[in-house]
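Two complexes come next, and they have one chain in common, subunit A, joined by subunit B in the first and subunit C in the second.
On to the complex of A and B.
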């Protein structure tokens, strides 16, 4: 009798512990470390953006909106916005379209498909620093592969210093980012394409749907949620990319590849104006957050429409 | 596999278009990589040849020897600074960091994901959303406060600075993917184990964890790739202890040894590329689950 009661008591205590403490014990390590390493720096950055941070005397003075006022009236900021929009346009359009193209190819049945699928992963597996180096190689004015190729084909008789030209520099830094992002997009889209049930096509054929109709109402409709996510990722990258651009041009020539992220780096680590750097980073954060929320709503709405 | 998706036409034309597209893919991915590879097998005079040698005429492994054995045979360049003597230690450091990050990430992230999946307590929705929000932050902007915190903790220029930072920045993605994964695992088996007298702890390790192995692999592989590749934190929080910032430092030298740099680059990407190829299936799954379940 006694032991049965003890058993029941232990069981009850355990149940109590289960319900009350286990969830918190499970979440605590993750939430506490995220609080320290992500949330608290985030709040600090927001505070910095309203302050003048004096590194020499280690003083932080609250100055209200002054950083933002200065930022929004500076020519460089608006130039960076313009450059960043162009950059993002390439980083969104090229990977999304090429990713879709490669995904549609690799879902076909042909000899070499396995090689193609494996090769597709390669750019994604390379670190951004290596992407930057690789594209430096391609566009180099002394021994670059693109110059080499054009020269071999007889299209040019003098090597072109691409990265000394403002437009080429922006295009090639964007293409470098697009190169890796194309793989990422294609991987996601290919995975989505592979889940389309074959019956759908058969049924549509029986119903007399043409190739175009089948693509639009089956293929496209099926992968639309994935396509939305791919677009989201590409847009966010278009604004957050730093590594590859920094390695290739460090913002130059002149200010030709001065993305917002490069501007942020420059204000913080070269001009040591932490307040201004924080202001830029908050603007950048708001842009990506806005894009993110917009797409989340879009996804939910389209899901609701299908339901 | 549906054979009907993109390309119109049939028979020979369809085949022709498929292979044309295939060639585009080969060129798009292969050309940049191929060029770096042949550079790594050349001696520096050959690099400047015009028209370029698309196949090295005097292939050499010297560049790789320089990278692996430090600068023992460094020829004709500025000596000490341009040496690759820090390369192998950096690769070792990268390995240590990456594996520790994977383990910590699986442990902490797995626990949290399981908590989010099985218990619906008051804070959980809010905390979960908060965790997800961290994914759209420009990590760049957190570096200054982060640097101050890590300096106070005495971790600047140690591998721990990177291990902590990477683990915690990857956590949100891990929690996201694993939570979805745990949600799909049947609760019934687990409940049954609990009724049979197993503790939560036992139920987790004996029932849930084994079923979750594919999800854990996917997440592990992704965090390995991220930890191996991260550049910016490594650049600012350490003095080039790991592979990515060290590579950058060679690039910034006044006299860049391009052929050696190519070899160093290739040696350093072997681990992530191998991991990606070997775990292709898991990776694709992890990627699409992490991305699409938003």
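On to the complex of A and C.
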């Protein structure tokens, strides 16, 4: 009898233990993975940014705010911030608007739509390095296709050395990034557009809604969550783009395309200054996070106003 | 219930045992690698199939298997450092010259001058090349993967059409010839690879051509003490701002520049000697008129000799590693420079051995548009490797040179200020790294 009671209590305790710990045990693999893959590098980067890291002798010395002090008093850093904001503005605005335009175009039924949709994917399928090389040739001052086009249209009487001009260099490196991102934005938006029930438009027409009203209250409202994601992706790219810019200009001419990501690469992989690289990385991460959150909140606040 | 719990426990036990055996297996295979298994060879991604072929040839010759690991060129330095710090054993590896001393100081690269044949190998090199592979104290710490000299490529026909029967001898000559060519309709007569990453190599070329000592043996910025340095920068700035070069020169890549030479859109191009082969391979209406000048324009006419290196680590595989290094960077068992010859055939890469340029096979592979006595002469008597480039602080200086030279070319920094800025950076870095 007593033995049966002990067995029952043991079973209950085991059951209680199972209920309490099994969820944690099940979550553990995912949590451990996140800890290793995300949290640990993040904490290491934060720690490195306050340290002098000697890769060769594997020594890390805590130096407090020195890296940040040096960074914030550097001419190149503030220049990079200014350039990066301009660059990001182009990379956010152009792909979002152009992506929406192409998505709206390709959701319509017309002959050649299939080819159009295939062509839309092509830029997205190209690696960033190829994008950089391709645009280098496109903007070439002697035989670039853009110069050729402008010349044959009679818009210029002489080929323009675009990449010699600081403003043009920034615009074209941003456009190279925007070109590929337009493709990605359009694919996402096209997918969202295809899910809008046709009935909504029919009902709106019956209610007398015009083209603008239908776009604003049905199309735009429906794709708003996807648009938020697109916007977020484009903001992240606007601040983190590196490959195409490095291939096209290495941050030049002068400092014209010295993005924070280029500065980060140079500090970390050329100068081997991991501490300073980590400081740039943290600043870049915070800026991206701040701008991204601002736009997401903005989008959702206006969504709430609609609701 | 108890059966299910048991089976779960068994399962966990089994999984744990499996993982443990895998980990142990991995560890033991890692230690086996370090103690007599295949040699571990690391290189960057220039023609990996050719590298594989070389290593296969080595295995056929020596019976030693070699595992090849390719790391992308961009980020190669960081890649191998991270691996070494993570405990990965590399027997033999490519390295950038500027990293060679850094790796040696860290104990990741072994000195080689005490190994059999090292003295003979050094003795066969051009005397001018040896400091590239040694510490300032003369210890051999690397061997040549490839070598090249910077050269002035010019279009003989275009010069002749503008009334010049010889390439320029001084920088003023070069400016004047460019001005004449420009007046004759060549918009941008002069090309140089002035992207940020490469400005530093040009710095050496232009300083050496004027007889300026770039660095003292202890790494002091000797160039700052020579008044001619500011003159060189003024000339450099004038060439850019007076339109002798393309205004896009600060971002143009060799592909575009070679096309301009091949098509006759430019008449001068300063870059490594092997670009003559690349331009000939590319074809075009002007390639048959392209030549290499005997000397760089300047009061001294010297040029800069560059190249990258192969290093080896210490450990139980030293003898076999050294054997592979010798095969890859010096001679094979038959006494042939088979690896360097293969690179010559692939891309006209050079090797710092005088007899290399006398070899009929190398000459045939390079092409009859080369004057081998001329190239040999440039290596032998008319070039310098600038040993300070091996120093650990050098890559950071290189970055600074790119920024400051481009600012100067654009007119945002005066030549004298540029000299001061570069010298200050050297002093700051030497202090920081000491």
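One rule holds for everything that comes next: the second predicted complex is superposed on the first by the 240 of 307 C-alpha atoms of A that agree within 3 Å, B and C clash if a C-alpha of one lies under 4 Å from a C-alpha of the other, contacts with A are read in each partner's own complex, and residues count from 1 in each chain.
The rule is simple: contacts are C-beta pairs under 8 Å (C-beta built on N, C-alpha and C of every residue); 3 or more make two chains touch, one makes a residue touch a chain.
This one's a predicted model, so the numbers in the text were calculated from it and none came from an experiment.
In the superposed model, B is the one of subunit B and subunit C that contacts more residues of subunit A. In the superposition on chain A, contact is made by A:271 with subunit C only, not with subunit B. After overlaying the two complexes on the shared chain, residue contacts for A:122 are found with subunit B alone; subunit C is out of touch. After overlaying the two complexes on the shared chain, residue contacts for A:252 are found with subunit C alone; subunit B is out of touch.
Of the two partner chains, subunit C is the only one touched by A:141; subunit B is not. Counting contacts by the rule stated earlier, residues 136-137, 142-143, 268-269 of subunit A appear in both its interface with subunit B and its interface with subunit C. Residue ranges on subunit A touching subunit C, taken from their complex, read 55-58, 76, 136-137, 140-143, 161-165, 169, 248-255, 266, 268-273. Contact residues of subunit A toward subunit B in the complex are 14, 18, 22-23, 26-27, 29-31, 33-34, 36-42, 44-45, 48, 98, 101-102, 104-110, 112, 116-130, 133-138, 142-143, 145, 148, 151-152, 159, 179, 182-184, 187-188, 190-194, 196, 198, 201, 211, 214-215, 219, 225-226, 229-230, 232-233, 236, 239-240, 242-243, 247, 261, 264-265, 268-269, 274, 277-278, 280-282, 284-285, 288-289, 291-292, 296, 299. Considering their complex, residues 1-8, 15, 18-19, 21-22, 24-26, 28-33, 35-36, 39, 47-48, 50-52, 54, 108-109, 111-112, 114-116, 118-119, 121, 124, 127, 130-131, 133-134, 136-138, 140-146, 149, 164-165, 167-169, 171-172, 175, 199-200, 225, 228-232, 236, 244-245, 247-248, 251, 258, 261-262, 265, 268-269, 272-273, 275-277, 280, 283-285, 287-288, 291-292, 294 of subunit B touch subunit A. Residues of subunit C touching subunit A in their complex: 74-75, 77-78, 81, 85, 102-103, 105-106, 108, 195-197, 246-253, 256, 259-260, 265, 392, 395-396, 398-399, 402-403, 406-407, 410, 412.
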